[in-house]
């Protein structure tokens, strides 16, 4: 069976984000149409392995910032599709920009929302840029070899 | 003197956003290189003049959502550059997506930050996509006929 | 007042097309937001002034074909927006390709339909790629300095 | 052996189109470099399985139109190349737009023409956007793992 | 009369380049369709005004390199067209990349060649990416409000 | 193991270029993540098998030039990434344009430099467009299933 690679767009800055991060990872591991080994996971690809949340002395380092930013763009461009782990109550500007960039690169864009949050209102621009928006529990079974469009079965604000 | 049109990327959902929104508008009116009349202001271009925050019955209306979304994309594509009114403490997923989309369209991207917030850490993806990031007090004098790149004089996280 | 240039997408192969062609030209001349002198009109820019319908010996000439094709692409890329004169009963593959190309270039896309044909079903892909579809009688007054999105007030098949 | 997926651009509105549609399908099934299962076939992907030619009550349904249109764009973007089944005597505006869109997405574009029509004059814009134009009888043997450019061995108007 | 801005792609590393650089500048100043004041001239826009040929200690400075590179990209994206001062005997990789980038941004691309070198063989990729290639003596009179395609009247290798 | 295809950007016009050409080819054959059979090698894909350096009568042939140019563009668009064999002392305008074009197509761009030349100053635009720049001796082991960004460990001018 063919497998697809993805850019894993997800935050890691609080408990709720970390929980969704881990759930999505588990689902992707279980999905037979996903090649996780060759996918791009931003947290694992920060420049020189340095996380700025752990090393605040890099907050003003233009070399670190430039390299990490360009790395993430390479990740979006060189993988098959864009996955955004989306929390309606904690929308993230960084993910927003990644979604817009992925659109400019012609990538298929999938958002996944935790089941308990699915249906809640999401930002209009995220709604519009997404090619499909599914529940977390559907992620492990989605056939990424046949990506399709669908409307969000929820609200937009 | 030539003038340039812009897409006005700014939130209107709380007091802090509204204050920055108004300050930026005043500065643009005072800037002789700006053609505000022919610029695109999302709040003034919602489908059929309906604001979903005032008419929650449209939260699930696919026609309203699609038209308002496509309207905003037309706004970005048909103006000369993208302006984002950026609040480091209240970053917005919708603005993030607009920035990424503007990048895909090859637009010059300027972020403006209120003077009192300038220098605070901003999201890496916003930092990277911006061609220039200036203070609110500089906006009225910036020469948009000669747009230039510069690094943010502040932190990134 | 500012003026905008356009790519004039319209056929000239039968009476109905020629009538719509002329009507659209008259409207554009009367529209104060249009710079027709610096717009691109394909019929006036065929390679070496040769029209293949009048000189069928050029039907197999790769130099003529390449130059005329690339000329038209330059016309789309170097003008401000794309105008398609659209006849629901005589849809044209060449205009279709120009619309798709203009979309890829981020141009604002306007279709204009003769009043007597307005509302008739049009092809789904033309419907979707258009940012706005108006009646011929509205063309002379449209403000192209403020291009906006709207749905077609008619059918799609 | 590797296989490639495609967007199947072909009409289904009259006998001649249906005949060419079926011939192309047979050839693709026989071609060992094609992954037809994961290819995108518009007729099989209309929103909610509704065909507007069979359900004319959907002619004015903006939700159906938007979803089917966006679906087709996903099909073009998420497959490896664009195939157009091209009838010189019945050129189609929808296929034209798909070809222009595929060009904007950087896809390889192949046109296939029934043997008995091969050589007939085709529209200049279709001619120019195509990376290669072959006969129907050649389709089953073309190696899509090594897509190449060639000029149409026929006329252009 | 309307005027157009440009990205001035030209080398400044030896006498022959400097001579062509100055000739092109004079012609642009004399051309009434050119807005030179708001055009982008790379030599005048190096980061912090530092020229690496005069300050070799910046050869390894990633901040300087990144900013100057991104500056030039802004110059290409935010001006109306791309001009390349082209010397067939001293072709330049930097100009080559700028031409390819400008193509990706949909810009009109004009090459200008000194009269005494016009007709000499030029690289195939420069030949193909150019929308027009003219003599230096023609530059002051070219109407950039009506940019057009033409083949190079010379050789390609 | 998955394999990736590439566009092989390398010159063949003097001994130094030919040496680097052959070294890169050997490394690619030895790299288990490379599918060389389905990669695009410009020298093997000139129109009708005619090399203009051997057949100078084609120097002015617009059909040959157009077809060979468009062929190379197809090569860049239809393969997975762009490889440039880069000689700091003999930079090439054609490779420069290919790099810029590949950037516009969103491709991952890798430059490889002979070990003995690695670290020498390279042109700013080549430096900026590259996602990674490695030594020739590293090419056979690079994992192209996991393409990553890195800065050049050398100078830029």
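For the reader, a short list of remarks on this structure follows.
Here the chain labels run A, B, C, D, E and F in written order, and each chain numbers its own residues starting at 1.
One rule holds in what follows: a residue touches a chain if its C-beta (ideal position, glycine included) is under 8 Å from a C-beta of that chain, and two chains touch if they have at least 3 such contacts.
These figures come from a predicted structure and were not determined experimentally.
Touching chain C and chain D together: B, F. More than half of the contact pairs at A-F come back, by residue number, in A-D, the repeat among B-D, C-D or A-D.
Under half of the residue numbers at the interface between copies chain D and chain F are found on both sides, making the touching surfaces mostly different. The interface with the greater number of C-beta contacts, when B-D is set against C-E, is C-E. In this assembly, the C-alpha centroid of chain A lies 24 Å from the C-alpha centroid of chain B. Look at where the CA atoms of chain C average out and do the same for chain F: the two points lie 39 Å apart.
Distance from the chain B centre to the chain C centre is 32 Å, each centre being the mean of its Cα atoms. Counting partner chains per residue, chain B shows two or more touched chains at residues 62-63, 66, 70, 73, 105-106, 151. The touch graph of these protein chains has some other shape, matching none of line, ring, star or complete. According to the touch criterion at the top of this document, the contacting chain pairs are A-B, A-D, A-E, A-F, B-C, B-D, B-E, C-D, C-E, C-F, D-F, E-F. Considering their complex, residues 62-63, 66 of chain F touch chain C.
Interface residues of chain F, counted against chain E in their complex, comprise 52-53, 59-60, 62, 65-66, 68-70, 72-73, 91-105, 121, 123-129, 151, 154-157.
Every residue of chain C that touches chain B in the complex is listed here, in rising order: 2, 81, 106-108, 131, 145-151.
Put simply, chain A touches chain F in their complex at residues 35, 38, 45, 63, 67, 70-71, 73-74, 77-78, 105-106.
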